[in-house]
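Questions regarding the structure given below will be posed in turn.
A, B, C, D and E label the chains in the order they appear, each numbered from 1.
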Amino acid sequence: MNQWLWLIPGTPLLGSLVIALLGGLLRREHIAVLACLAAAAAFLVVLLAWLAGAASQPLQQTLYTWVAVGDWRPMFGFMLDRLALVMVSIVSGVGLLVHLYSVSFMAEETDQRRYYFFLNLFLAGMLLLVLADNLLLLYLGWELVGLCSYALIGFWYRDPVCSNAGRKAFIVTRIGDTALALGIFLLFSQFHELSLSALLTDAAAQWEKGSALATVATLLILGGAVGKSAQLPLQVWLPDAMAGPSPVSALMHAATMVTAGVYLIARTHPLFELAPQTQWLVAAIGALTIVYGASAALAQIDFKKVLAYSTISQIGYMFLALGCGAYALALFHLTTHAFFKALLFLSAGAVIQASRDEHDINKLGKIGHHPPLARWTFLAGAASLAGVPVVTAGFYSKDAILATAWSAPAGPLLWTFAAFGALLTAIYIFRVYLIVFHGAAPQTSTLSLPYPMSVPLLILALLSIISGFIELPEGWPGPHLWSPWFEEELGLATFPSLTITYMLQLIAALLPFIGMGLACVLIRRERANQPLPLANFLRCGWNFDAFYQATLARPYYALARGLRGIVETLLIEGALTRITCGLLAFATFCRKGVEYNVLEVSISRLVATLRFAYTLLGTTQNGVLSRYALVISTGAVFFLGYWLW
Amino acid sequence: MYWLSVLIFLPVLGALWIGVIGRNKTDFTRWAALAVTSTELLIALGLWWNAAPNAEGYYYLMRVPWIPAMGIQFLLGMDGISLLLVLLTALLGPVAVLVSWHAIKQNWSAFAALLLATQTGIMGVFLSLDLVLFYVFWELMLVPMYFLIGLWGHERRLYAAYKFFLFTLTGSLLMLIAILGLYFIHGEQTGIYTFDYFELLQINLPGKTELWLMLGFFVAFAVKIPLFPIHSWLPDAHTEAPTAGSIFLAGLLLKTGAYGLLRFCLPLFPEASLDFAPIGMTLGVIGILYGALLALVQEDMKRLIAYSSISHLGFVVFGIYAWNQEGLNGAVLLMLAHGVTTGAMFAMIGMLQERSGTRLLTQLGGLLSPLPRLASLLLLFTLSAMSMPGLANFIGEFLVLAGVFQISAGFAFAGALGIITGVVYLLWMYQRAMLGEITVQRLWTDLNRRETVLLGALALAVLWLGLYPAPFLDNLQIPVTALIEAKNAVPTGSINALR
Amino acid sequence: MIPLSHSLAIAALLFVLGLAVVLLRRELLFILIGLEVMLNGVALTATAAGQYWGNADGQVLVIMLMTVTAAEVAVALILVWLAFDHYRAARVEALTQLREETERRTS
Amino acid sequence: MYEFIFYCSSVVAVVAAGAILVVRQPVHAVLYLIVSLLALALLFFLLGAPLLAAFQVMLYAGAIMVLFLFMMMVMNLRIERNRSLRNRSLLRPASWGGIALLALLLWLILLLLFSRSSFNEIDSITVIGPTAVGNALFGPYLMMVEAAAILLLAALVAALYLSQRGKR
Amino acid sequence: MHSADLINLLPYLLPATGGLVILILSIWPKRVSTRFLSTTALTFLLLGATATLLWQVPGAVGSLLVIDEISRIFTLFFMLGAAAIMLLSFGYAPIRNELHEEYLSLILFATSGMALLVSSNNLVSAFVGLEMLAVPLYALIAWQPTRYGAIEGGIKYAVLASFAAAFFLYGVALAYASGGTLDLAELNTIASSASLLPVAITLILIGIGFKVALAPFHMWAPDIYQAAPSPITALFASLSKAATLVFLIRLLCLQLPLIWEALLPLLWGIALISMIVGNLLALHQQNLKRLLAYSSVAHLGYILVALSAGNSAGRDAAIYYAVTLAIMNLGVFAVIVAFTRRDQDRENLTDYRGLGRRYPVLGIGMGICLLALAGLPPTAGFMAKLFAFGAAIEAGNVILAIVAVINTALAFFYYLRVIGVLFSEEETAVGTSLTAQGPLMVIIIAMILVIGLGIFPQWLLGLLEPP
């Protein structure tokens, strides 16, 4: 099996290449089928890897030497251990489902070729990221998925909103990526090595726990993770990214790509363990983001943006778990979240498409068409998201994180945030559910979904319900498969004492129900036109965009103040555009100030001086013979005078 | 090894051939020029295939006495660095010819002759190891380029041509002084008056003199690279040049500057260069950020790419002055990558201009739907330019930054900012040109077969450089090690003239 | 006896006076006369030096000078006459067709 | 006595030359020049170069000056119609003074330079007569005599051509 | 005089005899065709050129002339150059009908003057040679007096050249006063003791500086270049300058090295002024012939950069530069001659618009010669500059070298402007059809030499080496 590992990212890559090069010769439907086949092939190879015993023995393959610089020769190599195995399973599985779903969902689009090219390429990139055995290759995958995200967010490129959103996503994540790159440079400069296994052992051997270098390195890596996973403070791109097609949101901005940050931290967790401060920061970011995302989701009126903020918030849980050292639990939540959030997006997409691309939840509630299957699967996903106890997967994964958070440093505080977030989660998701599906719209819609859409929905719904049962909460009887399986690679989470655990579990179990109740109250108030206090603040994502404008754009603004004409052009929507505009103003300043006023002018000064000298000398050349003789004589006087001197 | 001189003189002989018999035979000249450049490419590839390093790390050497009275030789040599750049030069030859196929409307034979003459000059620069010979080729490549800009350029072509010529010329003449100074000092020291590079490497210079001589060389190279603030010829020249001219300018001429730094500045004056390194890196980082900033506010696509070249070449200088394995390898690889990528981008802008009649971003937009092939290829090259992993520029920039990071984290951070800004302006350019609503309704024709093949080849090169740069990097092993040895040989505690 | 330096000084004075004539007078004839005076200064120098050194080279030089001057003056005078014929003037101010035209330059 | 004659004729030569600076009529200038030339001829004679003195009178004062006068006559025929030959005025005092100063400066410089080199006193005059000069001329300088002949021929050809072609 | 002496005399005699023969032919009772006269003149020149090859070097003609490698090369070069000038004259439309026997004989006399000048070892012979070169030129400038500025140019040159000759002669007289001899070799023996000798040589330098148009003695040059018929301008720009310059080199470098050393600061200053003034004045010049005049001033400045180095490298560089400069100028003027209208020169740059496109051989030839003047490799102009600047650097004159280099860069500006005009898209009216073969031949030979000497400079340098 070792030598077939490359097929996992290779098949989707091949698919994308075929689509790119030969897509012109194929019919639209065939492109979709081809893409699905590529995704299916990847999934098949993953299944074969399971069968080949990858779960027990890590697989490795080295394709070729990628770069050869001195004695440093990073390879194009793959490694499939348990962590990667779970990730590739999720990625290829959900990827396959989303591909299937897209067959119907995107059937009307003319530009299938581009869509499937990037979808397949994304799959390849994501699998590459997960399988990479060195940081350089990981970075390749990391950027590749960012690119596909950019391209697919901006799929409807004619709409400037879409292309702006794509650009914003790319640039914001690129900021994080650059931090990651710097982190890689730091590690490289220290160990002269980028292979993950060697790097981690070297680091553990050479760095003291809590050393400054470790802290800086992990902080930089965290920067990358935060950017990709849309955590505070780089979360601003994700809500905008909802401009893309729903399957894309489901696949990239819910299930897989945004969890790459989680994967990265889990992958490099030995480093983080060397830097407790950073690790605590991870937890704190997670906790804060949970509340941030959940609260922002509370006031959204765009269907997909609710889910987007929800994703931000849910990934916060994973970060919390990572910060608490419960890497396996983070991964557990990642898995269940992948299922239920993909489900939510896909069913929301079905609703939105059925309602002629209406995103406003209030309008959807009043006049939307709701395919029944979409409704029920949405409910299943919502329940799982809210963590309805016992019956949903979300409960099990989230509950464990809550419990483990308690035992972390400043645990109760973290727990409080997390629990509050859980409450909010229940409120917003049921608020949305109730508004959309229990509004004034005809409830007895009989709209049925085509198989390519319904089958993935059903499979995902099933998974979001049952996937939790592989690991029951601490202290419960039943299977505990997940954490022990990962113990060797990721270690075990610590839990508080059993009594406290039970207490916490009880509270956690109650929260969804309280949330449901509060959601009903909230809806009633909203229908009575009494919106939540701070609704606007929350809706704008805590005005982060404005905040960035104030802190980052203003300095540039000041620079540009002297240039009145340009100031006008600065007033474009959006924080990052603001930053860009700030840069722009500065750049314009440079163009006007430096390029023209300094460089060009100095050249023209020089030219003018030369011309002046020419005129001056030329006027002496006035054609009068005596003048010429005079000059000769003067020269003679000077030259003879030299001998006196 | 006579193939080296074949490499140099084949284009100029081709130029004579075409120039003499090609008048008013446009079709013939096109094919003839293509044939000559392709043969050149084949020879270069053959040399690559047969490359085996000798004791000095040179694959091929050719030594013929030229002016014995002055100790001037016709000394050509190809080591790993020059091999790579020769390959790039040979590759861009056919590209430039193909790009100009229909774009050049008049006087094709003269155009082809000048193009080939430029190629000769550039080849000569990359191959000559005698300083006078080097200087001869260094100047030689200016003239045909001047005419390419001045005769086939766009609106402000004469201004641009003058500026190009005078800037680069002033710099290179100062280099001439430095070359002569080196020659005489070496002669006085050893009694052997020679311009032989290998001989001159043995020279031992007093501190101040070394610094001044180094600066003489540096100014010439800095103008070509170009570094802030002597870059101002470049945007004009790039913008006004015909497409093929821009390809040669950005793809090759800029590289000659960086090549000069690697070949002459560092090994000949290791001490002074080491002292100068912080300034060099500062200039590099200024170039990176400044170029990126100004690229952001350009309306003209060619101008935008021109400024982006300043930014990218800033990275190259950055890597060179980091002066370690990663930095040097990265710098050379980035030169290759930038040559291919920027060459392709200029080619595409040329094609776009042929179709739309403008290069102004304000007048373009929404071309993805009528021109899907062009747009997607442009995306590929744009991504490469913003150093997308897996594409050409990435490994180079990564290595450069990794190298710089070992010298100074602050510099590396500043350089990394350049990557971010790179994303900003390139994406914005792409968005303004290709996305959004289509602004001009006309009969658009997508890339034809010639253009597709041409760009496809470049795309392959971009992918190759990105995914499997090892064969290229292998060539650098010996020269880079030699450079690092030169650095290590500098006695510690030498005079720090600049600090 | 006359010291050589006295002769040289007188010769130099003659030379300088001729020079002044060339520079000051604006009539071509005067200028030519001034040139003759200058050459006379030279001739005096050469003769005095010949006397000082006691050989004939100085006198040979002067004879050559005279011959050459005759040739030069002949051609120059013809040219002056032509100028007078063509421009109706024999002053240097009249001969300024050839000059640097800095004011009327365009571009 | 010898010195007296020498210095007197020097003064005459110099004053006559100086007069050329200020006279108005070209004819006067030519006459002054002839005076200066004759005084110079005397100097040559006194310096022991009788052949030169003779040449000076014959060639210079005789031939060349006649050329001048002849030219002037030709031009004077038209002077009635055209006044431009007349010296209207001298230059402005500033440039006049400037040029005079320059000339003076040159002279002073030359004097200073002469005074630096020490020349021996000569006791008596040795006449270098026609024989010696002739021996030199037709000995080592024979080539130059021939060359000078060619030069004169060239001048003749030139003058002839110009005078023919110059007629309007 | 022995028979060997006679052989040695031949190169001087042949051109002069040629002049005489032509004059005699012209008074032949039967009318002799111009073609026959021209052929005769060319024959004599070529015979003279061949005769130089018979010279046994080193040798002497009498006591006044020395024969060495330099005089041999340059005499040969002047013969061939004069032949080229004649070829140009035959193709020069404005005076084609004025090509009388006088014209040809004057050029021949001037040629023998140049030959005298370059091999003189005696100040008298130098002076006579100089005048033999100058006097025919007075008339040649004013050839066809009805042309614009012809007489004015003739007078200006005649008066100013006499003025400069007065300085030269004064210098000769003072040199004689200081040493009691006119022989250069003998003067060298007393050079260390005679304090007046440097002054004398300075005066001679002023005279020579005028002839080769060094600043500040250059002011005649543009006017005369403009006034003279283009072939004669070519004679000025190439042969006359080279001859005078070679005499300067012989005077300073070969015969009076001590004085050369003393004069170095002066040479340094003249070089500086010449380069700067020449280039500045050429920079915005619209008249091509004036532009070339100023550029020549700058070039002489570069040559003095070499001479002011005061070493043998500087001497060789100056000689090489003198030859190549002459060839390049000859080439450029050949094209100017070829492009003349029926009645007058094309002088303004605008008159040359697009001509290079229409007549590619002429255009490319002129382009190459101009680029060579600008100093672009691999032409001879570059090698000349390389040697010159190299000599300066060897002598430690780095500042002068840097100024020279900056001037070179500046100079490119105007040379390129000319080339740009020549190949611009707009075209001026062509006027005549260009059928003249002479200029074409000259330009092609010049082109070959400019590139050949640039690539293989040792052809020339090797000839200068004593065997």
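Simple rule for what comes next: a contact is a pair of C-beta atoms (placed from the backbone, for glycine too) under 8 Å apart; a residue touches a chain by one contact, two chains touch by 3 or more.
Quantities reported herein were computed from a predicted structural model and do not represent experimental measurements.
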What are the mutual neighbours of subunit D and subunit E in this structure?
A, C
Need the graph distance between subunit A and subunit E over the touch network, please.
1
Which chain has its Cα centroid closest to the overall Cα centroid?
B
For this structure, which two chains have more C-beta pairs in contact than any other pair?
C-D
Most distant chain from subunit A, judged by the mean position of its C-alpha atoms
D
Separation of mean Cα positions, subunit B and subunit A [Å, integer]:
36
Quick one: subunit A and subunit D, Cα centre-to-centre, how many Å?
101
Taking the mean of the CA coordinates per chain, how far is subunit C from subunit D in Å?
8
Can you compute the centre-to-centre distance for subunit B and subunit C, using the mean CA position of each chain? Integer Å is fine.
62
Going by the touch rule set out above, which residues of subunit E reach two or more other chains?
124, 128, 131, 135, 138-139, 142, 145, 151, 154-156, 159, 163, 199, 222-223, 281, 284
Subunit D residues touching 2+ other chains are 99, 102-103, 106, 110, 113-114, 141, 144, 148, 151, 154-155, 158-159, 162, 166
So the touching chain pairs work out to A-B, A-C, A-D, A-E, B-E, C-D, C-E, D-E
Touching subunit E in the complex, subunit A uses residues 610-611, 613-614, 617-618, 620-621, 623, 625, 627-629, 631-632, 634-636, 639-640, 642-643
Taking the complex as given, what residues does subunit C use to touch subunit D?
1-5, 7-10, 12-21, 23-27, 29-30, 32-34, 36-37, 40, 43-44, 47-48, 50-52, 54-60, 62-64, 66-75, 77-82, 84-86, 88-91, 94
Footprint of subunit E on subunit B - complex, ascending:
23, 67-70, 107, 132, 135-137, 139-140, 142-143, 146-147, 150-151, 158, 161-162, 165-166, 169-170, 173-174, 176-177, 180-181, 183-184
As the complex stands, subunit D meets subunit C at residues 2-3, 6, 10, 13-14, 17-18, 20-21, 26, 29-30, 33, 36-37, 40, 43-44, 46-49, 51-52, 55-56, 59-60, 63-64, 67-68, 71-72, 74-75, 78, 82, 84-85, 87, 90-91, 96, 99-100, 102-104, 106-107, 110-111, 114-115, 119, 121-126, 128, 132-133, 135-137, 141, 144, 148, 151-152, 154-156, 158-159, 162-163, 166-168
Where on subunit A is subunit C touching in the complex?
614-615, 618-619, 621-626, 629-630, 633
